[in-house]
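Please go over the structures that come below.
Here chain A shows up in two complexes: once beside chain B, once beside chain C.
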Partner chain A sequence: MIPGLGALTQDTLWCFSQLKGTVEIGATEADIISTVEFNHTGELLATGDKGGRVVIFQREQESKNQVHRRGEYNVYSTFQSHEPEFDYLKSLEIEEKINKIRWLPQQNAAYFLLSTNDKTVKLWKVSERDKRPEGYNLKDEEGRLRDPATITTLRVPVLRPMDLMVEATPRRVFANAHTYHINSISVNSDYETYMSADDLRINLWNFEITNQSFNIVDIKPANMEELTEVITAAEFHPHHCNTFVYSSSKGTIRLCDMRAPALCDRHTKFFEEPEDPSNRSFFSEIISSISDVKFSHSGRYIMTRDYLTVKVWDLNMENRPIETYQVHDYLRSKLCSLYENDCIFDKFECVWNGSDSVIMTGSYNNFFRMFDRNTKRDVTLEASRENSKPRAILKPRKVCVGGKRRKDEISVDSLDFSKKILHTAWHPSENIIAVAATNNLYIFQDKVN
Partner chain B sequence: MAPPSNPRPAAGRTPANRDSRLGSRAELGGPETRVRGPGEVNEAPTQRWRVAKPRAFPEVVVADLAAEGIMVGGLKRKHSDLEEEEEDEKWDWSPAGLRSYQQALLRISLDKVQRSLGPRAPSLRRHVLIHNTLQQLQAALCLTPAPALPPEPLFLGEEDFSLSATIGSILRELETSMDETEPPQNPAAPPSPQNEVLPQPDPVFLEALSSRYLGDSGLDDFFLDIDTSAVEKEPAVAPPEPPHNLFCAPGSWEWNELDHIMEIILGS
Partner chain C sequence: VGGLGDVCYWLAGDTQEKEGILPERAEEAKLKAKYPSLGQKPGGSDFLMKRLQKGQKYFDSGDYNMAKAKMKNKQLPSAGPDKNLVTGDHIPTPQDLPQRKSSLVTSKLAGGQVE
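Take a look at the complex of A and B:
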């Protein structure tokens, strides 16, 4: 990877590349995208939706003839990952919505990913089939069994080419281990285990074993009435297979070491920023609730997203973040309304670029924000149909917070709060981003000069 | 492999049973699709979405309080004020204004708790956050905490987390807030007369409310012993004016609150 690639300099211009999804007004709730994830090479891009489906896009091989169109992503496989279920004991529906997808590193020709809804994690194998065996001895061409007594000669079956078929099969189903709603899954760097986290517990699984898991974190109080804090996200360290972090609804992050006691209720490190008393309000706790936590690729930093900010923490400093970025501070005076219409509970995700120099997160009105950690520049871009001409350069957007509104600015009161960018993904090594805008998936690339 | 709780195995060998538009081969914005002109409007979010209400919203709290003639300093401030010094951030709220604001938040929070019940298991995170906010409001309203009552013994199988326990504590908070006897000691004409004392709210209201909350999750059988006959009337007429001694005055917050509760109970 070229050093500096991915940096958000003033030379970086983002262009529209592709738009996936429906155009007409017939969009249903099932089409709402609920998770987006590149695989480790960036060749594949997976999305999950509220209807329990997974759609995988594959990047085309770049052709020498069309250098200006870098490899586009086209549909590779679509399958129904989870179905709605009904828990008869509690008379409650279990949503089929895919909360998270995580890829496993590729080890052979097939691709593996984990997908989860609120209760069940599944390991899917996605593989190609482009050959078919023909010439069986015991079966005829229609597949009917032949009477062995009628066989007089033997032949060796041969593989003949067939149309490429991509099939997805569920290889493991990890069920019945979570009482509460799963919010995170994370594959360990040993590639043998992974963890799943719900509101109160975190379980460690071995990929080969589906009927048991180890409970490694349990914050459920003996008396549920004393419950004041839940787990909101969790992730393994990218290199140290014994280390993971989890975030809470009170704005804290705990780093745990599994080499210590089996139940990691005692954290090794505890990250919390003291509250700013001048900003205190009834909503202070709600807006401090962390909605996403991500290790940097280097493993030296963690990034957290709360309602109004993104923070970068150094693992060696627990008492405050090293960087804080304001995503949409103009909403601070609107918190009461946002509480009333539930927007204050929206869970935004955040992502690092491949070199950990730029971070990205979403906002409302289909805006998303990028922050360059080195130059301290930031930019607001919009995922909208108007900017959907091929290779159209995205124009930076600006929200006007008071005084005279300039021509290109949008005022806070005109923001559309139903258009929220909760899920984004950044290619592991290139400046290609995928942005989920409700039921549409936008792919943007930086301008190739 | 342990069978999943759903007896049907997951689909997988063939592409999706139900077509995902995302997975269709149609490419948007490509050369073969129609380029949308500048006059074309973006598709509107459909009303079927269970997302937050769309578009610009008026500051609802401000509107309500304005109707009562209470000056709520700060909520109507222009955004340019936010760029001023930190000192300006300390609202100059009249005690009555602050109180009404807090009570409005209390009402909004209770609405949320009610709305969060449904066929799907509620989000525990959301519930905990609302609950913590309610506790802050309670503390701010200077109420004494309710005596520690044992929670309703509602066991949902092996999961002893009961929504009712959390709701129960919230209801106890409401009960306590309604027990409160004194309106604000503000010599500058508070909305309700100072010499009226709030009586104990009818406990049947609260228990009926509880059964209403939990009835939505299909657990009515657990509350058969609660006598709700006093409130389960046919809504043939508008709710009758309650006896005078139950309320301070019409138009007060307490009146509106119980009126609201009556609507909930009878309005379904």
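Take a look at the complex of A and C:
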């Protein structure tokens, strides 16, 4: 198994590595993880939760003594990013839940990330301090001012080592630009701008300027009664700083080029799979709504997630996806109850591995699925406490659809729909994945021989 | 007649794709049986409007006080389940609005790992 190539071959075995968080009894709603993201080197792993908090884990340096264990992730920094607010003018309650975190590429010793709730994006700087000045003339060791009359000699303050302190400070607050709820943020490859998307509009920001943003997409109809679709996700192309995509609740994707008009309401490309009209039902539009869109690392493909499938599209082919993977097709016969308990509106995310050869997405019952695009093999794994022994190999799981249920299979009716894996992340170059299961964060790695 | 046609379709053991229609349609029928007043437009604007309205909390102190005066000793009708968009006849009371408080507690993810 060559490190860095995330191929899902017969030899790939996933093992439990770490589990963060408490047992369910002590969990509150604030603890529900709402976003997970590795930084560009994979050294840092950030999580955001419903309580508006961010926790950043850092991978420890690999030691020569522990060759069987790749570096583990330990808490590096944690801070309150957003707080609940009430907009009195609009009678609108603004949740502190962190919808998305996106890292900026590292340019100096400090780390920068963007975190957003429904209305406000913030740029956070996370930096280390391991020295502090000592030997002030005008202050004593406790920081109290000294009476200048008592000072008889002068000394030069020196920097002395101190215990490592990691500080997180909000460097920019980008507020008041979104009437509707922000669902996505994406850092541009120029590292100078980023975009934020809400249900009806997408804005372009410069990192240095907080009191202005450019509106680049506006799909709000003049008459709200004519509203038929909303923006569900948006992302910049990984290399072309003028290109971005956004997905809609109708299952379509639009690619826009900012070099053309200033307002990108007219798309450059429009991706839609034709629907067989005889298949149409009450649920068709709801389950076709795209909950996540992600460019491949290469920039040649986009992946979309709707309620039942993951699709891969070639940027050069707009009329249909090149690959479609069934995540949990057995849910088709459960749509009525999934509509009643609102699960049909769950927004699952999807991720690429570092080499774009394997894609991963979550499901219910704390199951998550991986699809190898080359071998066409797929696997269902489970994030559960029972399989949480160090280096325990995860056993593939199987859902029984009908007929006789085998011993280790689970029937559709036994699935726990409250245990949903909406957020996952894949290390940029290694086979390390982070899976958020409600209030717990699981880290899995492939087996090291 | 249409129903009979569907049954024959299924019994004929048609292609995988055609068999796939049946579950969704059956589920749709189940839903319409439970909620006959469900909108004609399939899964459309109602959901979108609900999505856009997320977080909206209405309270009119004028309505509230007038209703209190009118009702005198009787109980005020309280807010229905959260799914309702429009307040209609019921008057939201301060008790209906859940208390919001920020979480100043450190995340449990940062409180040491369980392994």
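Keep in mind that, in the parts below, the second predicted complex is superposed on the first by the 423 of 449 C-alpha atoms of A that agree within 3 Å, B and C clash if a C-alpha of one lies under 4 Å from a C-alpha of the other, contacts with A are read in each partner's own complex, and residues count from 1 in each chain.
Here, contacts are C-beta pairs under 8 Å (C-beta built on N, C-alpha and C of every residue); 3 or more make two chains touch, one makes a residue touch a chain.
Predicted, not measured: the structure shown is a model, and the values here were computed from it.
Taken together through their common chain A, the two structures put chain B and chain C in a clash. Judged by the touch definition given at the top, the superposed model places A:Cys343 against chain B, while chain C stays out of reach. Once the two complexes are laid over each other on the shared chain, residue contacts for A:Thr78 go to chain B and to chain C alike. By the touch criterion defined above, A:Glu167 lies against chain B but remains apart from chain C after alignment on the C-alpha atoms of chain A. In the superposed model, A:Val230 lies in contact with both chain B and chain C. Taking chain B and chain C in turn and counting the residues of chain A each one touches, the greater count comes from B.
Looking at the shared chain after the overlay, A:Leu335 reaches chain C, while chain B stays out of its contact range.
Residue contacts after overlaying the shared chain place A:Gly402 against chain B, while chain C stays out of touching range. In the overlay built on the shared chain, the residue A:Leu89 is in contact with chain B alone; chain C does not reach it. After overlaying the two complexes on the shared chain, residue contacts for A:Ala30 are found with chain B and with chain C alike. In this superposition on chain A, the options for chain B are 6-14, 42-50 or 96-104, and chain C clashes with just 96-104.
Overlap of the chain B and chain C contact sets on chain A: residues 18-23, 27-28, 30-31, 33, 47, 49, 51, 53, 55, 74-75, 78, 80, 83, 90-95, 118, 180-181, 199-200, 224-225, 227-230, 249, 278-279, 282-283, 285-286, 332-334, 336, 339-340, 345, 388, 390, 439, 441. Partner chain C is touched in their complex by these residues of chain A: 18-23, 26-28, 30-31, 33, 47, 49, 51-53, 55, 74-75, 78, 80, 83-84, 86, 90-96, 118, 180-181, 199-200, 224-225, 227-230, 249, 276, 278-286, 332-336, 339-340, 345, 388, 390, 439, 441.
Of all residues in chain A, only 16, 18-25, 27-33, 47, 49, 51, 53, 55, 74-75, 77-83, 85, 87, 89-95, 118-120, 122, 124, 167-170, 172-173, 175-176, 179-181, 183, 199-200, 210-211, 220, 224-225, 227-230, 232, 249, 278-279, 282-283, 285-286, 289, 330, 332-334, 336-337, 339-343, 345-346, 384-386, 388-390, 401-403, 412-420, 438-439, 441 touch chain B in the complex they form. Residues of chain C touching chain A in their complex: 17, 20-21, 23-28, 30-32, 34, 38, 42-45, 47-49, 51-52, 54-59, 100-115.
Residues 1-2, 4-6, 8-18, 20-25, 27-31, 35-36, 38, 42-46, 48-57, 59-61, 75, 77-83, 86, 89, 102, 105, 108, 112, 119-121, 123-126, 128-129, 131-133, 136-137, 140, 151, 156-162, 165-166, 169, 217-219 of chain B touch chain A in their complex.
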